[in-house]
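Each of the next two complexes has chain A plus one more chain, namely chain B in the first and chain C in the second.
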Partner chain A sequence: MNLLEVFTGPKQGAVADPRIAKIRSRLNSLAVFFIVCILWISLGIATDTFATAQNITNVLRQSSLWSIIAIGQTVVLITAGIDLSIGSVVGLTSCIVALMLNKGYPISVSCVFTCLCGLGVGAVHAFGITKGKLPPFIMTLAGLTTWFGVGLLITGAMPIGNLPADFKAFSRGDVLGIPNLFLCVIAVMIPTYIILNHTRLGNHLYAIGSNRPGAELNAVPVTRTIYFAYMYSSFLASIVGILVAARLSLGIASNGFTWELQAVASSVIGGTSLFGAVGNVFGPVLGATVLSTINNGANLLNVQSYWQRILTGVIIVAVVFFDQIKNKGTK
Partner chain B sequence: MKIKIILLISALIFSSFSAKAVKIPVIVKDSTSPFWQIVLDGGCTAGVELGIEVPLLGPTSEADIAGQINVLEDAVASGADAIVIAATSFEGLGGPIDEAAKSVPVVVIDSIADSKNHSTFMTTNNVEGGRMGCAEMVRLIEEKHGAAEGEVAIVNYGAGPSSLRDRIQGCNEVLDSFPGIKLVATKVGDFTTTRQLNDSLDLITTFPNLRGIFDDALFGGLGTGQALQETGKADDIIAVTFDSSDELINYINDGTLKGLIIQDPWGMGNMGVKSAFDAMNGKSLPSFTDTGATLVTKANIKNPEIDAKLNPSLDCKP
Partner chain C sequence: MTEILKLSKIYKSFGAVQALIDFNVSISAGEVVGLMGDNGAGKSTVLKIVAGNFLPTSGNINFSNNEVKFNNPNDARKSGIEVVYQDLALCNHLTAAKNIYLSRELKRFGVLLDHKKMNEKSRILLDELNSSARPDDVVTGMSGGQRQAIAIARTRLSNPNIVLMDEPTAAVSVAQVPVILEYIKKLQGKGIAVLLISHRLPDVMTVCDRVIVMRLGEKVCDKLKIDCTPELITGLITGAIQNA
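Right after this comes the complex of A and B.
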């Protein structure tokens, strides 16, 4: 293990040492963790409303949905791919679950079927990328518009409301003060952490992102691994589709509109590399928390919402810029 | 050869078809919203009544100004005889509507654009609707607290449409006339319910003494209603929102929201197409027609007249 790689990244054309890739992404996450701490402490000092139980609950709820899709995006980004379909898959699956509930299917059946649809959507993307040799950007861009269209089609472009009270109650509930929505994030983080860090599948994901030809030579099952990445991302998007339908009590194709970009932004702010092989499960959650905190903080400070967007853009550029300086400086 | 014959036949069919039928498309702002579905149903019914073709068009998001311009240009190009349109943007659609009006009469419904050449403008008087909503909010604050005073906030669905601007203007006029009422924030959204929910939650957190919220659009009202339910503040904060849906009607019945300002979208679509038909036949039209706004509260929601407006039958088949 060449420790210098921690700072420089793998040599061009070489298969990254997965252990070092992991150390690198953890260092990045640590930096973002400090950004979150600084934001929270400053907001706690600047306002007397930020550090209240109700508001922390709000921030956690607001960040939960983005965190989950950002985790899926991260798994795809690790393979040097990208999933631009996420927002539309969230919208489509929110329609599917709402339609089924309206038809009187039990909540469990509706949710399971919706998740299966999510897996199916991911399999379609992976099929196009592996068999059709389409670039992930194009395949999932096509997905972005296609799944939105399917969502409009199956609902006749009408919003589906009047969802069962039990279904809605889940998104508002909490366990020991922790919102259910945030518990879902933890429930997604644990298996993702295990997969990325303690399985061969995890190593394969990093290996493909670092150097695909090299990975193929080293007998990494590339096709199967790519299927996993895109199916996992769409699966998580379908979970968010269910959660957003429960939270808004509304299934509509425009749910999740532009969230694929929030997922990419959260992931990148959390230290995931768009070029693959660098990323972990904490980064996207921290990144989504940064974005939600900016929105919430600006609202609490009663700053007009235009600034929230500008600030988000500045933070994305700053994080990636400093990340690159750090890498260049030691090369 | 086969293909050529098919093309020829279809061209013949198409040209004879378009030569016969009068075509007046209705272009709404967001074909995914129930409000616009009702407008389209009204337009469709007018088409059946007049025996003309009424294509139902529009982008899938109110934020898609460029998309709506394309739809408008395509409608003119494909041989429409007159056009009914609700402008997604006052500035953005001004030029394109002027351009379209050179070839066909254009009737603008709901939201006007920066154009002088449309035949007529038919809409809810949105300034009046905004006044109505905020007057009810202030009246209920006075009833509850004994005086018309305290902090209130406006939640705006998004920047751009003149209808939303007018509602906020009307609301502000009412708020300004009560010196005790203090407007603490006007939140500008991005045309999504999630955003409106988060903004409302943060308003409730930022201003613990908030007494009223006015939300200017349907999906915004859903967000505000959800925020009041999540925080359990529905009894403390008097919320009045615009337009209706099943969920919003539930919110009125269970007291989460105290009032809805509803318009007559069906009438807007129906009268829009009929006026466009008249304009096409050379009749002169008034420059403005008010299609009316109504306050819905828990007290009057069962009223048959209100019920017919809340639950229009959407069964038009062209």
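Right after this comes the complex of A and C.
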């Protein structure tokens, strides 16, 4: 084993040592963790307010919402698909839950119905992709505008407020100092980790992303697996829709506006490949933490918000560029 | 010998292209049949129809004396048909063990993957094929021979009635060719039929009992190996000899 290959990669044309490849993959995952640490230490030194309990809680709250949708996006990206509708689904479901609560339905009923709507949205996407043979990009891009439109339609483009105090309290509360929203991330991470790493379904998600025709030849239930990926992504988006409605105390179709980009960015920063078959549950959470730290830090340093958007765009391009180089020869 | 597989009057078209025309074949248990032909002759189409990847446009498939219709690869697999595809159908990002057990994963507690058992059993299967591939290594970066061994190891997971092999020796090293041919003979010894698609005449002449030659979607020869010469087969493949 040539340890130099850990840093340089295999020589051109040479067969990669699988042990080296494994170490390189682990280091890639750790790299994002180190980036988070460096950002936090640097901002802690550069500002007086970053390293305060209240600010860290704010960063965790913001990153929590993005983490959950990014986990859903990761599951879809692993199948070599993409879900561009996430932001609109967040907006739509925040409207649905707010409307139901407004009409006096119990919190539990409203939340369950909203999640079912999320699952339904995912099923529509999966139907278009598997039966209609539409590219995931087109199907979910259509979803982005459609679900936003549905959200505007059912609310008359008005914000729906006057939500019960118990509902609002959840997203602002904490347990032993840990924000409830971050506990939700953990609650989503655990089953997703088990699904991806320890179930047949998870194995099939990676197989489809790696070689879909090959997976079909090996009797992998491709259609069923793709249904799961898109329904899971929309389901998680609906959970975020509920949480964001609780956090902002209102449901409005523009909740989650452009969050699909945050989800994609968090996912790819966390090491998920846009080419499929590469990704884990920790990456998107770390990626979302990087993005929310950048946003928070930029605010504290009085950097104009336009720069935050530009920086996010540059990061996405850089990460995907390196991913493309890394993927040459593995497909 | 008991007839295992019988294809009768099989036609297959892809749009305007007629890939198979009135194709008939019968294969018995423990028989090794070589299927030869030039590129585009229809060999892989035959394999994919038997493997459940394609439905024939018309014609009948009899398997163990029952008329069957394979709508997908799982139907064929359940009937006892195992396949080694030409492109191997491997997922580069999965480990060797996960590729071997793809869609037949071993589970514990009814839900969770049994990684340990899959790795252990894969190790045994790969050892039997003299492969140096390690079960818990991802397939990316493996040599052609290691990849071929993984694809062949899949056929060992069940007790098949017939194994279909599409160019199993095309991408392996010279040293590994005899191992694969020996494996085919072992299958034959267990009474398992093999349909071997190959461009390599020496391989076909070494292990097959019977040779079928196809040209432009039609069967032009179906003879016992002892009645065939390399010149005859080459002539039939190229079209220098029309029929035999």
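Note that in this section the second predicted complex is superposed on the first by the 291 of 331 C-alpha atoms of A that agree within 3 Å, B and C clash if a C-alpha of one lies under 4 Å from a C-alpha of the other, contacts with A are read in each partner's own complex, and residues count from 1 in each chain.
Following the convention adopted for this analysis, a contact is a pair of C-beta atoms (placed from the backbone, for glycine too) under 8 Å apart; a residue touches a chain by one contact, two chains touch by 3 or more.
Here the structure is a predicted model, which means the values were calculated and not measured.
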{"item": "Contacts of A:A215 with chain B and chain C, given as first, second, both or neither", "value": "second"}
{"item": "Touching partner for A:S254 - first (chain B), second (chain C), both, neither", "value": "first"}
{"item": "First, second, both or neither for A:N203, with chain B first and chain C second", "value": "second"}
{"item": "Which superposed partner A:S108 touches (first chain B, second chain C, both, neither)", "value": "neither"}
{"item": "Overlapping contact positions on chain A, where the chain C interface meets the chain B interface", "value": "none"}
{"item": "Partner chain B, residues of chain A touching it in the complex", "value": "47, 49, 52, 54-55, 58, 61-62, 65, 148, 152, 157-159, 161-162, 172, 244, 247-250, 252-255, 257, 295-296, 299-300, 302, 304-306"}
{"item": "Interfacial residue positions of chain B with respect to chain A in the complex", "value": "31-34, 37, 60-61, 184-185, 187-190, 192-194, 197-199, 201-203, 205-206, 208, 222-223, 226, 229-231, 245-247, 250"}
{"item": "Touching residues (chain side chain C, partner chain A) in the complex", "value": "51, 53, 72-74, 77, 83, 85, 87-94, 98, 102-103, 105, 107, 111-113, 115, 134, 137-138, 140-143, 154"}
{"item": "Residue ranges of chain A touching chain C (in the complex, touch as defined)", "value": "10, 15-19, 21-22, 194, 198-200, 202-204, 206-207, 209-211, 213-221, 277-278, 329-331"}
